[in-house]
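Quick one: the structure is below, questions incoming.
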Amino acid sequence: MAFRVALRRSYGSPGLVSQLSSSSSRGRVCVSPVLIAQRNQSSSPKIKVDFDQNTGVAVMHMQSPPVNSLSLDFLTELCISLEKLEMDKGCRGLIVTSSLPKVFSAGLDILEMYGKSPERCGEFWKAVQEMWLKFYSSNMVTIAAINGSSPAGGCLLSLTCDYRIMADNPRYSIGLNETLLGIVAPFWFKDTLLNTVGHRNTEIALQLGLLYKPSDALKIGLVDQLVPEDQLLATATQTMSKWLAIPEHARQITKSMMRKPTIDKLRSSREADVQNFVSFITKESIQKSLRAYMEMLRQKKA
Amino acid sequence: MAFRVALRRSYGSPGLVSQLSSSSSRGRVCVSPVLIAQRNQSSSPKIKVDFDQNTGVAVMHMQSPPVNSLSLDFLTELCISLEKLEMDKGCRGLIVTSSLPKVFSAGLDILEMYGKSPERCGEFWKAVQEMWLKFYSSNMVTIAAINGSSPAGGCLLSLTCDYRIMADNPRYSIGLNETLLGIVAPFWFKDTLLNTVGHRNTEIALQLGLLYKPSDALKIGLVDQLVPEDQLLATATQTMSKWLAIPEHARQITKSMMRKPTIDKLRSSREADVQNFVSFITKESIQKSLRAYMEMLRQKKA
Amino acid sequence: MAFRVALRRSYGSPGLVSQLSSSSSRGRVCVSPVLIAQRNQSSSPKIKVDFDQNTGVAVMHMQSPPVNSLSLDFLTELCISLEKLEMDKGCRGLIVTSSLPKVFSAGLDILEMYGKSPERCGEFWKAVQEMWLKFYSSNMVTIAAINGSSPAGGCLLSLTCDYRIMADNPRYSIGLNETLLGIVAPFWFKDTLLNTVGHRNTEIALQLGLLYKPSDALKIGLVDQLVPEDQLLATATQTMSKWLAIPEHARQITKSMMRKPTIDKLRSSREADVQNFVSFITKESIQKSLRAYMEMLRQKKA
């Protein structure tokens, strides 16, 4: 399992792509944003956080090459970074973006689902749940600055945000394309998409595993705004100040009112959802189709 | 009751039209698709099924003149045909269309609701429920090739499908227009429409009993695509191959996840829904308005 | 508290504006529509009802200067007027509009929420609930002829109607902008908006407290139609006759089927909703922000 698979970027290709989660230590020590920023000199941290105390806005740069795959390590780091910011009263807004070229995040790391013990698969899935729960219920204003392709779990991460701005590049795509891999988006992925684009769009998007070009994503409301890539962060920053001008407590209560039923649904059935995932993903037929998929990617790369 | 009423096709006119369900035997024998196709030489079968074993796609041609009204007989035949295809592992996709000119299906047969005993009305309603349950939960990919007007129950039948392609002919119309007849679309008709066009469109469509021209139907998402009538089946076939290219098991689980709550709602209250229908439809005032409606149609025809 | 604050009409400004509910007697005597119309010569009635027995359509003119703020008095009069019409079998349709220039209704009266005892706040909130319950569940066809700005509670009132026609004047705006005042739209305001514009639009509209220009309101479905202001009532009247042509009983049952779940949610938790409002609004921090808001309005006016 020492290979790395590159993100296939051509439109329409399945995007739930994996990388080997290398041998990085998964020590879940609490790292302060500043420390993370400093440690960025080393190759270790997968996230660089820039926090501007004047504006109260933090920018989270995902930098886990080659494609910001959501490994157990990466998910853990995402959650720790968010928690830190959430506890900092001075931090009121968060912009999530990628430091890598052409990709926002390639989604869940296939290697976390392939050839792993049920225990490990369960641990991984809990981390996916935790990421979603934390981001979808964040008290901060969250904006996704989507500067590259964003399939599957990458799309989910952006869907947890309050607002999505995408680089207007037709070579990028976004969507929950799990079905293409023979995998099924769980009910809370579905609920998050449904809250964003409605029932009918969700039915088609999930069944066909559609990856949308930015213009099509805008049409169905999967993203809120398109801008040229070089204006992405500036636009996100301007949008953020508009959101931060709203009385904070009222905005937070309103956000919670909108999202609580969806969040409670997962909270009240986390364990069953983990069991469900583990028993599905460890099936021989599913493992086989994941292996075939990775093989296909490796050959494309060679 | 030996008259036949023709479908009134002018836009805006109520479309829930009936035909006498003739004296055909309602024997619910199991007829294989092939057998149905063969029996097509006689005048008896109301459905002709063409099954292509190479592609795994069946086309169900509704051919119950004059307007494919959904009588108890016809509903029974629809369900038997679907069951047969569903049990055939080789059959993965179903296209539903009409063999009659200018009409897809005129909806529920009024004559099944007029002057009938409560028992018979209940039997009829169970068949309507059964049709909806079977089609809405089908494991196959289902596509409606709507080559004519499709009011009321005809619209419902198309709404059970995964995708709707309509002939782009402004003389055709589609919608749940029950209110125009003084009848009320039951909650599961409503839920199916709501899952397709959202709450606000449903509120207006059902209250006003709107029949939409193809272009308007496309605008609110009641149909997914318009094509010239002579390209309808070809387009349906192309669309079908796109859907069949998706890993089947994942697509089926996803479809079920989207539709199960709506299906379970009827499943858990079928008997009450039958009672509700029977006590409503057998009311003197409702019977009177059905009689007036049929009288109006008969005079228009004369 | 003897001041009056004027409605700030410039687009984008918070619109939940108050007036002192003056010293009008809050006697909840039952006034017949006709009597209300007659008493209109005096300054007392806040509503003038014109009922045309030939068409079965009543027009409710709100005339509580300066901005039709929804005070306890005004809400009570609204409910009594509606009840009267509802009980009159000859009255089948209701058009709601404003007699004041440039404003439909400025929403809930801030002075009912500022410096008041918990008991009084609770009484006020019950009246808001009652207004919503009565209008949202009305058996009549209800059309809002929105001839001016309609923020917060004014928007809510229009959302209870079956159809919304707005004057196409870019200086007018409409929306649930409670958040801008540091107040939170309660769950049933949210549900009503959600039933009209969907989940995603509601999430953005409520969090940002957006006030929409007519053209933007039309785009997201917050209103159904725009017409020049001088054609507003004529269009409402024409639309009404289309709705009244639908078999009444079927339309009413359909309307109830669509709205009952939303109505039942408040009905089953009215007392808790009152407690929730009272404990929120009487908080020192909220009182402070209301005071600051009124001060700001008073200075703008001076």
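Things to note:
Lettered A, B and C in written order, each chain numbered from 1.
Simple rule for what comes next: contacts are C-beta pairs under 8 Å (C-beta built on N, C-alpha and C of every residue); 3 or more make two chains touch, one makes a residue touch a chain.
For clarity, every value in this text was computed on a predicted model and none was experimentally measured.
Between the two copies, subunit B and subunit C, the Cα superposition rotates by 120°, quoted to the nearest 5.
Of all residue numbers used where subunit A meets subunit C, under half belong to both copies. The two sides are thus made of different residues. Taking each chain's centre as the mean of its C-alpha atoms, subunit A lies 41 Å from subunit C. Touching of two or more other chains is recorded for residues 198 of subunit A.
For subunit B in complex with subunit C, the touching residues are 178-185, 187, 190, 198-200, 202-204, 206-209, 285, 289. Within the complex, the subunit B residues that touch subunit A are 162-163, 194-198, 221, 224, 242-243, 246-247, 249-251, 253-255, 257-258.
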